[in-house]
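Shared between the two complexes below is subunit A, which has subunit B as its partner in the first and subunit C in the second.
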Partner chain A sequence: MSTLSALLKREGLMQALVLAGLALVWEASSRAGWVHPFLLPPLSDVLVRLFTDMQSGAVFVDLGLTLYRALTGFVIAAVLAVPLGILMARKRGVQWFFDPLISIGFPMPKIAFVPIFILWFDIYDTSKVIMITFSCFFPIVTATYSGTSHIDKWPLWSARSLGASENQLLREIILPLAAPSILTGLQIALPVGMITTIVTEMLMGGSGVGGAMIAAGRFADSVGVFAGIMEIAILGMVVIRALDRLRARLLVWHPENRAH
Partner chain B sequence: MTADFGIKIEGVSHAYGGGQSGLASGTLALKQTDLLIGHHEFHALLGPSGCGKSTLLYLIGGFIPVQTGSISTQKGPVTAPGPDRSIVFQNFALFPWKTVLENVMYGLQKKGLPEAECREIAQAHIKLVQLGGFEQAYPSQLSGGMQQRAAIARTLAVDPDILLMDEPFGALDAQTRRVMQEELRMIWKKRPKTVVFVTHDVHEAVFLADRISIMSARPGRIEHQIDTGLGPERDESTLTDRRFVELGEQIWRLVREQAVLASRGGL
Partner chain C sequence: MAGGDLRPASATAGHGSFVEVVAVCVRYLPLLIMMAVWELAGRSGLVSQQMLPGVGAIAAAFFDLLQSGELVINAWRSLSRAAAGLGLAVIIGMAIGLLMATRPLFRNVINPIVRILYPMPKSALIPLVMIWFGLGDASKIFLIFLGCLLPVIVSAYHGARGVNPFVIWSATSLGASKEEVLREIILPAALPDILAGCRTALAFSFILMVSSEFVIAKDGLGFLIGSLGDGGNYPAMFAVILTVAGTGFVADRLFGSFVNHCLRWKEQA
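Let's look at the complex of A and B:
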């Protein structure tokens, strides 16, 4: 056990070293003039920019807007897709109606709908959030449907013979049993939602990390563009880690959370 | 209430995977089964593997619909599962996301009992099956035998009129099994109920039951019924009782006959 944690610590250290090494190579390559600093500005310049933008608060406005759009779209998608996925698994009629629509919709490149949404709604938050919801919806509904339809009948029968009504089954038994699959669906949808947020911001403008990057690009501000990429990387990592934590907390009962 | 019968099974046939008629192409698990189980009788069901014992329990439990024939209890015909007929499944069927305590409390909460009382009754039953100290464990952290005892506690806690048990002690070691048998018999004496107890262990059936049914090889039917006539008290001395030993041998022969037929049936 202690050797395992030591090994894990060592592995974490190695990973940090690799990242530090890459950062050094980045810094050195533009400082030494191997690549033109306009194409790849030194890491230190990018970090300085991030720092000054943090001091002025500009970063937090952009990050906040991006996060707000991404999470709003993601949560709306979850609220719609989880119940629909469960209903599809439990009611033949619902499955019959939605299955073909989802089969068509899932593989479709959602970004192709941007012009339509701009036409129908606006270029502001409404159509951005709708785009994000639209792209998060399919992975969540598919994972929920598949997880719910593979539930064993035994816990359901147990609950019924212990006095649960048909309606209580849904919330008290089926939802927790499908939770691992639902969470997997959410974990797949979240990065999709983040990507969609940045791309729609780039296409439609307005503030937010994506919009700021496009603006920086227009002004030939390559340090600004790279600062945007760093922001996206950090935001993405934080949000995805947070969801991993949530999964571990919700599924404490699951063998996946027992290392030994 | 007139207490002339506990469960009445009349002309029940059951086919899996076939047509609705019950006699189409699928597997015929039960064929024209009749069985009358007395009110508050402890009834054991013996028979070769695959003869339809579990199927019969699921039908009584209302988990699968009756295709042909009828099954009724004091409450009328069986149409759906209900807390008056609680079951211990062969594979435990615990709720994996609930702790042992939460599992045992579930049925009590469904009865609408106050939380403190649910907890108290649940804890008493957890002690009864010797799982004290494991209240906060999740099923996946328990051995098979412990899971089985948790499932037994969960079902006994709701104190159903009819108790259905599908090889409930199958995953227990010989020692624990003996203790559980005596405990079960004691609980049944304290809080009388109609019990249908499926087992493949002849001595377990004789030790526990008032009456024993032996089912035929598939498609299952009740082939023999025997009163054990061992009286209400069962303990260590029962095991050396002459009648216990004789019954064991007699029933073992009958069961083996059916098992041989089952293996000849070519599966």
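Let's look at the complex of A and C:
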């Protein structure tokens, strides 16, 4: 155990060193003029910009709007897609109707539909959120459907023979057994939702990190663009980590968390 | 993938083909129903034809675009960019992933970078590639390359790490060189993971291709959609959007059958 933790610590140290080295190279190469500061502004300038924007609160407004849109779209997609996926696995008719629609919709690049949503719902939050919901929906419904339809029949039969109602069956057997697949679907959908959020903000404006970045790009403010990339990188990491945590929390009982 | 299991096994020879045809019709009937609803919504005046052009109008616009060559030229520009970015990402990503799995020092240096870049929504890099490479092909190819690179690296790395070390030891003890171990053992064993990563990358390449062309472009399918929409030519806009969606679908399906072909030696789970 002790050698393992020592090794982990050494790897952590190594990673910190690598990142520090990268930061140094970044700073040095633009300070020394190896790269034009417009193409790669010094890291310190970017951090100063982030700090002043944090003081003025602009960062939090943009991050808040982006997060709000991404999560609203994502949650609506989950609320619609999980029940539909379960119904598809349980009811023959639902499966017949939705299976071809979803297996055709799943591999399509949904982002191409943005102009249609702009046409239908204008450029404000409604159309952004609907677009995000649309792109998150397919991975979740596909994963839920496949997870639910691959549930072992024995626990279902045993529960039924012990007199479980359909509701109990759903709550006690189907949902827990399908949970790993459903969560995997959510984990695939969340990054897709983030990508879509940024693109819709870039196309429709209305603040948010994507809108701020495209504005910075148009004004040739490369420090602003880099600050935006840092903000969105941090936001992406936080959101994805949070979902990983949620998975570990919800699946404490599952063998996948017992392995290590 | 939501599988299509309604189709009966073709082992039911004799009148099997007829049963199959009927089964396919039954399977895709919902699509026809949706198209009918679409058409009726416009015809009945429930939704304005401006907002939802009829199926016929869209098909007519599609053939017009096809004849004028606009669709073909722009599709060629877009798809060649996507292919260039994706191809580079697959080659370089596989090399990086395999090196990470076999060289600890290399892994320690690359891993932190991958960890930072992986969760970042790659579309955030659109303004950056605009600053670096301008509005031409290079910016989009680079963006697609970056977006596709990470899934390939991660899948190649996981696939190669998952190889049973006993197999490698036996091969080495039988006198296999490092290259032979890589070519004969690690690559085939990692292939399923690598191909799955490439399929994810394929999906990303389409997303990034279209979104970068929406934001910065002078040509390509995304640009064509945008300019048709700005011009108020909605049937044509719908036609191009559906073309993009259909192309993405076909590309995924073709890659899926390529994967099945490559892994035909594998036991079915």
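Quick note on the criterion: the second predicted complex is superposed on the first by the 258 of 260 C-alpha atoms of A that agree within 3 Å, B and C clash if a C-alpha of one lies under 4 Å from a C-alpha of the other, contacts with A are read in each partner's own complex, and residues count from 1 in each chain.
As a working rule, a contact is a pair of C-beta atoms (placed from the backbone, for glycine too) under 8 Å apart; a residue touches a chain by one contact, two chains touch by 3 or more.
Computed from a prediction, not measured in an experiment: that's the story for all the values here.
Visitor: With both structures lined up on subunit A, is it a clash or a fit for subunit B and subunit C?
Guide: Fit.
Visitor: Which partner does A:19 reach: the first (subunit B), the second (subunit C), both, or neither?
Guide: Once the two structures are laid over each other on A, A:19 reaches subunit C alone.
Visitor: Should A:173 be classified as contacting the first partner (subunit B), the second (subunit C), both, or neither?
Guide: First partner only.
Visitor: Could you tell me if A:64 is touching subunit B, subunit C, both of them or neither one (first, second, both, neither)?
Guide: A:64 sits against neither subunit B nor subunit C.
Visitor: For A:205 in the superposed arrangement: first (subunit B), second (subunit C), both or neither?
Guide: neither
Visitor: Identify which of subunit B and subunit C touches the larger number of residues of subunit A.
Guide: Larger number of subunit A residues touched: C.
Visitor: In the superposed arrangement, does A:155 touch subunit B (first), subunit C (second), both or neither?
Guide: In the superposed model, A:155 contacts subunit B only, not subunit C.
Visitor: With the two complexes superposed on chain A, say which partner A:217 touches: subunit B (first), subunit C (second), both, or neither.
Guide: second
Visitor: Once both structures are overlaid, what angle do subunit B and subunit C make about subunit A, taking C-alpha centres and a multiple of 10 degrees?
Guide: One gets 90 degrees for this angle.
Visitor: With the two complexes overlaid on chain A, what is the closest approach of subunit B to subunit C, counting only CA atoms, in Å?
Guide: Checking C-alpha atoms only, subunit B sits 13 Å from subunit C at its nearest point.
Visitor: Which subunit A residues lie in the overlap of the subunit B contact set and the subunit C contact set?
Guide: Touching subunit B in the first complex and subunit C in the second, no residue of subunit A appears in both lists.
Visitor: Quick check: in the complex, which residue numbers of subunit A touch subunit B?
Guide: Residues 152-155, 157-164, 168, 173, 176-177, 179, 251-255, 258 of subunit A touch subunit B in their complex.
Visitor: Give every residue of subunit B touching subunit A within the complex, in rising order.
Guide: Per the stated touch rule, the residues are 58, 61, 63, 80-83, 85-87, 89, 91, 93-99, 106-107, 110-111, 138-141, 154-155, 158.
Visitor: Going by the contact rule set out above, which residues of subunit C touch subunit A in the complex?
Guide: Going through subunit C, the ones touching subunit A are 1-4, 6, 26-28, 30-31, 33-34, 51, 108-109, 111-113, 115-117, 119-128, 130-132, 203, 206-207, 209-211, 214-215, 221-222, 225-226, 229, 234, 237-238, 241, 244-246, 248-249, 251-253.
Visitor: Touching residues of subunit A toward subunit C in the complex: what are they?
Guide: Touch list, subunit A to subunit C: 11, 14-15, 18-19, 22, 38-39, 88, 96-104, 106-116, 118-120, 141-142, 145-146, 191-192, 194-199, 202-203, 209-210, 213-214, 216-217, 220, 222, 225-226, 228-229, 232-233, 236-237, 239-241.
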